[in-house]
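Shared chain: chain A. Partners: chain B in the first complex, chain C in the second.
Coming up: the complex of A and B.
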């Protein structure tokens, strides 16, 4: 086959798949969001934005992303450098650290629910140690801070691995020569990390952050398991519009709002962490 | 090689054929009811054993409706018979359901039969089974009943005093309320609190009496287990002891009575200044216009309405018959307890039944949300009652105007859409 068309032929199935199962539904959803039966309208958007829980769920979603993503980034960087330095057992450690990646987010939420519940592990442990007389109900509307903390912990536990995997691959690509040269000139390990590893890791950091931030705005199952209705997030509201209120138009509008936020943040990350042309490895 | 391919082709063709005939023979009973595994199994093994070739598939209302709508849009489907709550059916376009008057089966209650017409003049579904919401208590709580209180004729003030006594004596709040994500809290406000205090639901939504009602509920909430926002089936908390006095749907309390019948009592909902508000729940069976085998579907609907099936359904689901039947003596403890409580409630001299919301079409969810939001804002977020009611009132009025739904009991009848006064 002609070498010039071969690449296009090879990506054709994927393109068709995406058009059929992504682009087409996306067009339908946009149509639904901008209509209520008669012509173009912004009523759906007006409806969801004016709902009293909208600002709260927006704030919760953003706060959660702001709290979770930086911690995950730091943890993933730390874990990736540790794995990279390991001589023995590197694979085993990597496998163990990535186990949460194989667990569905709802299951992860339920695991942490088993810990924080009124009759959960944490309460049994605390009453076993004599810290509390009777089980404390952590996940209640009276302790919004603990609900937030539990959700953040579950998210960090569950989704750090995806960044880790990307960063480990990225660190492996950095040529050893840079570090050796720096060592010769007497650069401290911290300096080598900030001046060599981090800048060279930019493309991987970009990918990892984009992926993680988008997923952070789509958080749903973990919140549903741990917070129920106590901690409204954008995705949860979308679900409620679709399945509790049977209002597909409003649900589509919510979905587009989430999409807009995701695209906005993706552009910011791509811009901030851009790799100058010709500086790639 | 070619022979193999041929054989494989023939085999798969045969398999498809066999599969197709199996699908043809079974009537798919697509239901939102009897969803817990044990209940679904009892439906298949006990209730539907007498009707040959029925495939009983329960699901959540969301996916239930999604598949139904997909089949209706496609104009052809596999679903033979639908089983769902009145509210699920009223969210549908009556044109998509087959008129069922010719079957000659009906409920004993005319109120139910007219609800089942969904605003048309023909039966769109057949009332199938009924239930209600009641109170239940751990017998350990009984000594704390306030002086002079009769458990079968409590008032809201007595209930609050009772919950307060228990709270004080045990050191922890023991009233349980289904405020969880899947809890049926909105029905308490629509069918119990509002009718009991304001003798209405829509008209009186933001009335001074409604303010009193919410104040009283806030008082009760002081003695409510704060984990109630995670409770959806109060039978669990009755059994675990996290709650001693609870309100819930009869079928969501059944397990407690069946497992430890001697430990719990069921009793009627309390009364307020405007009577003893309570709400009957009805589920129905219907046939979508896309049913593949109309004759078999109609036979199944008729089968569901026979007295024997109705009693078997009662045993399987804890939902009561809608036709006149003689109840046998060997019913499970949950059925006996709930049946007695419902009978006392509906037979009470001050009974003030509140019907299920009707005529709201697909706005039923929005209607419920008005009450759930009001609860979350007043009780959980502690916003001022008058301001919240004024604000939520606008949403309620918009829903009523959009749907044009006339008032239902206990609200006074209206011409046109039920006004929020």
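Coming up: the complex of A and C.
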């Protein structure tokens, strides 16, 4: 076959697939979001934004992302550096650390529910040690801080590994000679990390952060399991519009708002961590 | 003053002994080349001096200061790496100034030194570029400039020219030698290229299987190899060897000829460089096998007494495969080796 056409033929199936199952539904959702039956309107957006739960769910989602993603980034970097230094047992450690990736987010939420609920492991332990007289209901409206903490912990436990995997692969791509050169020219271990490893890791950091931030804005199941209605988030509200209130126009508008936030953050991350032309490995 | 003293240095990686009891003194401002085939331990020795590897046993001094327990940055060294290791995310300027920045030198001092060394290496016009925008030769220059900018006592180079093409390598060889002589630093240079070693070194340490076989000036290594390995490794083509049997005292029977030699009694090996053979009426009966006209001279591969034997002859000389030549060795260029110890016999 003609060598100029062949590449396009090869990507044709996946292009069709994406058009059919991503682009087409996206167009449908957009149409739904921008109409209430008669022509173009922003009524759906006005409705969801003016609802009293919108600011609080927006705030919760952003707060959670702001609390969880930096911790995950720091942990993933630390773990990736440790794995990279290991001579033996590297693979087994990596497998164990990535186990949470194989668990669905709802299951992860339920695991942490089993720890924090009134008859859960934490209460059993604390009453066993004599710290509390009777079980405490941690996940109630009286302890909003603990609800937030439980959700954040569950998210960190569940989704750090996805960043870890990307960063381990990225660190593995940096030739050892650069760190050796930095060492010879007087860079301390910390300087080598901040001046050599981190800048050279930018492409991987981009990927890991974009992926993780988008997923953070889509948080749903873990919150549903641990916080229920105590901790409204954007995705939970979208679900409520669609299935409780049967208002698919409003649900579509919410979905587009989440998409817009994700695109905005993605652009910021790509811009901040961009690699100048000619400065790649 | 930066004399380097290496005493009883050995290194093993698990069960594999990479270096055996290395002892070497490199004088201040000397250009020392570690020469050997890959896997002979030359890079390991360099990395031990740099502090990138730790010796299993042994001690190293630079300028009278013991440094084998110090971190690389405290050793007064800088290094040029085989793949240059020019940081891709920094400009050429920041690459050259990297070590100076790590020492927290003031900005104008960094600028002064970077511009000076960039000038030495003729890369002033590249200071704002990234390494991805440079050619291999330019990257090489950046790597050398970065090492020189540190104004180190000792500069270590690990096969710095091996990734350049032949013409560029020859050009850089001469330039590097000039720049280093001017900078008055002690240099250790690792290479597997004997021409590079011969042309640049004040002294060559020929390494083989984790040992230094001979450490001497290039001419000495070439003329008077201390061991059979050196004789067979240095020179292109290398020395010819023939078995020698004792005749009367001080005379040796070599391929039907009687040649003056040392007074030892047992068997010896006769050795001669291909260019130290002359055509004569009498001499080794050499059957020409392959004739290679190389322009400057004629390389004739022949067979003497069933052994491979090469001669470098004048390029005007006419010879065909199968012809028999009479080759006689220049008496003062004949060398002898003990086949038991493989060492030279005077």
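Rule of thumb we're sticking to: the second predicted complex is superposed on the first by the 281 of 281 C-alpha atoms of A that agree within 3 Å, B and C clash if a C-alpha of one lies under 4 Å from a C-alpha of the other, contacts with A are read in each partner's own complex, and residues count from 1 in each chain.
Heads up, the rule we're going with is that a residue touches a chain if its C-beta (ideal position, glycine included) is under 8 Å from a C-beta of that chain, and two chains touch if they have at least 3 such contacts.
What you see is a predicted model, and the numbers here were worked out from it, not measured in a lab.
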Determine, under the contact definition given at the top, whether A:178 touches first (chain B), second (chain C), both, or neither.
-> second
Which partner does A:199 contact after superposing on A: first (chain B), second (chain C), both, neither?
-> second
Pick one for A:87: touches chain B only (first), chain C only (second), both, or neither.
-> neither
Partner chain in contact with A:276 - chain B first, chain C second, else both or neither | second
Who does A:246 touch here: chain B (first), chain C (second), both, or neither?
-> first
Could you say whether A:2 touches chain B, chain C, both of them, or neither, answering first, second, both or neither?
-> neither
What is the shared patch of chain A, the residues that chain B and chain C both contact?
-> none
Residue ranges of chain A in contact with chain C within the complex = 175, 177-178, 180-187, 191, 196, 199-200, 202, 275-281
Listed in rising order, the residues of chain C that touch chain A in the complex are 50-52, 71-73, 77-79, 81-83, 85, 87-90, 98-99, 102-103, 129-133, 146, 150
Report the residues of chain B in contact with chain A in the complex, numbered from low to high.
-> 60-62, 65, 91, 172, 180-181, 225-227, 229-230, 240, 242, 362, 365-366, 368-369, 373, 376-377, 380, 391
Chain A residues touching chain B in their complex are 52-53, 118-119, 134, 137, 139-142, 224, 228-230, 242-247
